[in-house]
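In the two complexes that follow, chain A is the common piece, with chain B as its partner first and chain C second.
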Partner chain A sequence: MDPLIGMGALALMGAAATIAGASEDLESDIGSQSNPNSQVQLAPQMSYPHRIYNKAISGEPPSNALMCAIGGTVAYVMLNFNLSAVLALTIGSLVAAMVHGTYATTAYMGRCSSQKRFKQMVYLDVLRSHTPPIMGYSFITTFTILVVSYIMVTVFAHPFPLPLLAFIWGITVGAIGSSTGDVHYGAEREFQDEEFGSGLNTANSGKIVRKAESGLRSSMDNSWFCAKFGGPVTGIAFGMTVFLSSWITVVFDPAKSVAAGWESVIVGTLIILVLVVYNRKMEVSARKAFGPYKEDKEEAA
Partner chain B sequence: MSAGGSGEAHAAIPENQLIAFGIIGGLVGIYAAFFLSNVAGGVFSFMGALGAICATIWGADAVRRVASYGLGTGVPSIGMLALGMGVVAAMFGLAVGEGIGLDIAGPVIALVVASIIGLVIGIFSNKVLKMNIPVMEQTMTEIAASGTILIIGLSVAMTGTFVFDVVLDNVITTGYIAVIFIAGGMALLHPFNANLGPDEKQDRTLYSALEKGAIAMVIAGIVALSAQNASAGMVTILVGIFIWYFGFMGFYSRVKRDAYKVVGTGLLPSEEELE
Partner chain C sequence: MIDIAGLIAENIIYLLLITLGGVLISVSVHFVPVGGAPAAMAQACGIGTGTVQLAAGAGLTGLVTAGAMMGVTDNILLVLASGTVGAMIMITVTMIVANWVYFYGVGCPAASAKVKYDPITKDRQDLYISQGTEGHALTTVSFISGAIGAGFGGMGGGLVYYALLKIGEVAAGLTVKDIMSTTGHELVGLASIFAVGIFFMNAVIPSYNIGGTIEGFHDPKFKRWPRAALTSLVVTFLCAILAVVTLGGM
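Coming up: the complex of A and B.
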């Protein structure tokens, strides 16, 4: 393969992955899936019923793996019928988004009605206004993941079939969205009336912010908030994962020689080392700048 | 109390009935699809997916019984574990069936192997990891067995047969096993996960299992469009959509029955109401 075409395809994969990461995180934030969900689930029990979307489909990795695997499967079937790739990937993502919508709906209805004794109502307008954006984001995520998988199969001749690749990338994007983006929503948005950096006191468990700047807070407000930082940073994290992990084998192609294969391993290790050192430096400088929570310091002293 | 409850789950339908329903319904569906595969261009392959739905309902109930002991975030893991055990057992059973020249015994061998794997993992969880959940051994066995029936049932719905070579070529090599794995696993784990809470009801959970099983059936039908032929695929898709509608409406009517209130729109309950 021409190295220039390889680099171009790689750049496209990286761009698609960045969009996938961002939309995945915003999709999970609308429904408060994954880690922030525990506080949303706990709130009515502590007598704070709310109008937040409780989308407990499962953890983010399985639910994203589901929509990407369904999208990949449907697209693969369509490709077998010699449909154009763009149309096949679009139909696949559409089916995946519809299935994801039904999963989100049953999760919201089921969780809210299982909290009858805490007087948590099922608000149908929450369902009607939030489920379409959830489906929209899941369409974008699935489509971009399918683009990444399709490029891997066609340009880089990856031995795995499309549905399996989509499944694996689905798990990956879910895992990265869960670990990178959720922090921003869970710790900062749900408890934004607490002092910054104070951590979650046990007494505040379930006491999530339920009222917005105007009216009651909805999960769309949370998505708007996360779109400023949490979503993009997840996108960059996932884009870098896809780009860097493929870049080393495109530049140092193991198919050319065994030496090149070892070079790719060495470069990969170097990248990891650089990232570890950089992360450590950033953490230390953040601690210096913002310091430990002051009250804790006084208590300790 | 944890959100996932902390004791034995209350059930309107006794577990023995659901076990019988899952095993008998599952095997009847799989074998019916297998023997009718040459009738009318293979349109009866949807029977395999019906068997898979029976196994889904049984498996979701088993997940419900074990997860009621306060598993919480462990619910999704249980579903993945079920299909993980299921894939190994299903492929082993079908391969051995072909190896001894008795393809027809494949699903039964797979079921037995799955039960043994599940039992071993259940004993391991309780005795070695000391999870001390009283129903662990039994439910692990059930979950593994239902996962196996689910995988074989959906494979039959896709290809029309459970002969190992065909399944290997049309399901494993093409990567459709990924969607069987995740759609089946989600159909097992999602119902209880979605209905988790102190006021969870068995029939509501099982209706959502029916609905999620039907989604897996529709996907299997889409695959059958290319793995078999258009008529076999369309029949599976249409039957699946019908079951999905039935399942969803059943679930929704139970939501209206169980919820504190189902309102079009409204504010939060007032202070007096919360007293």
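Coming up: the complex of A and C.
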């Protein structure tokens, strides 16, 4: 393969993956999926009924994997009928978004109605206004992941079938979104009334913020807030994962010689070492910036 | 009628390689610092997601890179190294970005409640834990432990995939090159789906040991790994027999 075409396709893959990561995180923030959902679920029991969309269909990775596998399978079937790739990927994503919307609706209805004894309402306006954006985000995520998988299969001749690649990237984007962007929603946005710069005190569990910048807070406000930091960094994480893991084999192509294959492994290891050192630098600077939270009793004594 | 005993005898090396891969995956999960839901609220040290989810996310990324490598060469060492590096890149990038969120989005430093001093950097931990929490973010020891864990996971996944494809190759009388020259060969599809299945199964087994949170190899829970390894050995061996019969009998 011409290295220039390879780099161009890789850049496109990285860009698509970045969008996928960002939209995946915002989708989970607006629907309050994944781990921060535990607080949303707990809130009514602490006498904090709320207007936050509550859908934990499953953990984020399986839910995204399902979406992407559905989209990938539909697209794969349509591609086999010689339909254009753009149409096939779009229709695949549309079907996936509709399935996801169905799950979101039933999850919201089920979760909220089961908390009736804690005076949690089922808000139909929340359902009507939030489900379409959730489906929109899931469409973007599925479409961009299908683009990544399609490029891998057609340009880079990856041996895995398209639906399986979509499934695997779905798992990965869910794992990354759940590990990175969701922390911004769970640890910061849900407890914005707490002093900045501390983890959530166990005593405050379930006492989520229910007032918005104006009026009552809904999940739209959460999505707006997380789009400033949590969403984009999740995008960077997934984009970097897809880009770097493929970049090493595009530059040092193992198809040319075994030595080039080993060079790609060495470069990959170097990238990992750089990240380890960078993390250490960042840890030290954070420790200095935020300082110890307690006095050293041993020293004082 | 498939000669099952003959198939197993013929593929005994690959059977053992699959089992070894499964055990590697199972051990690898113990290294990955996961804090579950509490970590997502900066209430516990580790990555804020579930054990299986993160291990699978990293390991399957390794499987994708190992699969790509297997497409061009059947040098086992290169396939394994590529799986290892792919998984390690995924998890280090994820941990870096998670630390961005903890440091710059939530505003708390990295601290562990399980140890007083970080075993690698010797940094004091207990003074940096905010009130009412079990630590937050990822300390250097957790970071390195996570990278090692993902590496083992990617290697295990790559090993399983390599062995599965070899079984199919022997049965179909083809070489890897023949298989790869046809796009979307059914053997690749079957081998990769089996590899994903074996991966998930072995990622779930250790979660009974971990019980939601583990900080890495310095965590007391890490010592329980032999139990998970033994369980994985038995379960993966049974799965490997199934795989040999399915792929070899094609």
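The criterion applied here is as follows: the second predicted complex is superposed on the first by the 291 of 301 C-alpha atoms of A that agree within 3 Å, B and C clash if a C-alpha of one lies under 4 Å from a C-alpha of the other, contacts with A are read in each partner's own complex, and residues count from 1 in each chain.
Throughout what follows, contacts are C-beta pairs under 8 Å (C-beta built on N, C-alpha and C of every residue); 3 or more make two chains touch, one makes a residue touch a chain.
Please read all numbers here as calculations on a predicted model, not as lab measurements.
Q: Just to be sure I read the superposition right, which of the two partners does A:H184 touch: chain B = first, chain C = second, or both, or neither?
A: In the superposition, A:H184 contacts chain C only.
Q: After superposition on the shared chain, which partner residues are touched by A:D193: those of chain B (first), chain C (second), both, or neither?
A: neither
Q: Name the contact category of A:G59: first (chain B only), second (chain C only), both, or neither.
A: In the superposed model, A:G59 contacts both chain B and chain C.
Q: Just checking: does A:F160 make contact with chain B only, chain C only, both, or neither of them? Give me first, second, both or neither.
A: Both chain B and chain C are touched by A:F160.
Q: In the superposed model, does chain B or chain C contact more residues of chain A?
A: Touching more residues of chain A than the other partner does is C.
Q: Between chain B (first) and chain C (second), which, if any, makes contact with A:M109: first, second, both or neither?
A: first
Q: May I ask you to decide whether A:T234 touches chain B, chain C, both, or neither, giving the answer as first, second, both or neither?
A: second
Q: Could you say whether A:K119 touches chain B, chain C, both of them, or neither, answering first, second, both or neither?
A: Only chain B is touched by A:K119; chain C is not.
Q: Which chain A residues are contacted by chain C in one complex and by chain B in the other?
A: Of chain A, residues 38, 59, 62, 160-161, 164-165, 167-168 contact chain B in one complex and chain C in the other.
Q: Within the complex, which stretch of chain A touches chain C?
A: Its residues touching chain C are 34-36, 38-39, 59-62, 152-153, 156-161, 164-165, 167-169, 171-172, 174-176, 178-184, 186-188, 190-191, 196-205, 229-230, 233-234, 236-237, 240-241, 244-246, 248-249, 254-255, 258, 261-262, 264-265, 268-269, 271-272, 275-276, 278-280, 282-283, 286-287, 289-290, 292-296.
Q: For chain B, which residues count as touching chain A in their complex?
A: 3, 73, 75-76, 79-80, 173-179, 181-183, 185-186, 189-191, 193-201, 204-205, 208, 211-212, 215, 219, 222-223, 225-226, 244, 248, 251-252, 254-255, 258-269, 273-274
Q: If we count contacts the way the header does, which residues on chain C are in touch with chain A in the complex?
A: 36-37, 39-43, 47-50, 53-54, 56-58, 60-61, 63-65, 67-73, 75, 78, 81-82, 85-86, 88-90, 92-110, 121, 123-124, 126-133, 135-140, 143-144, 147, 179-180, 183-185, 188-189, 192-193, 196
Q: Could you please specify the touching residues of chain A with respect to chain B in the complex?
A: Against chain B, the touching part of chain A is residues 38, 41-42, 45, 47, 49-51, 56-59, 62-63, 65-66, 69-70, 72-74, 76-77, 80-81, 95, 99, 102-103, 106-107, 109-125, 160-168, 210, 216.
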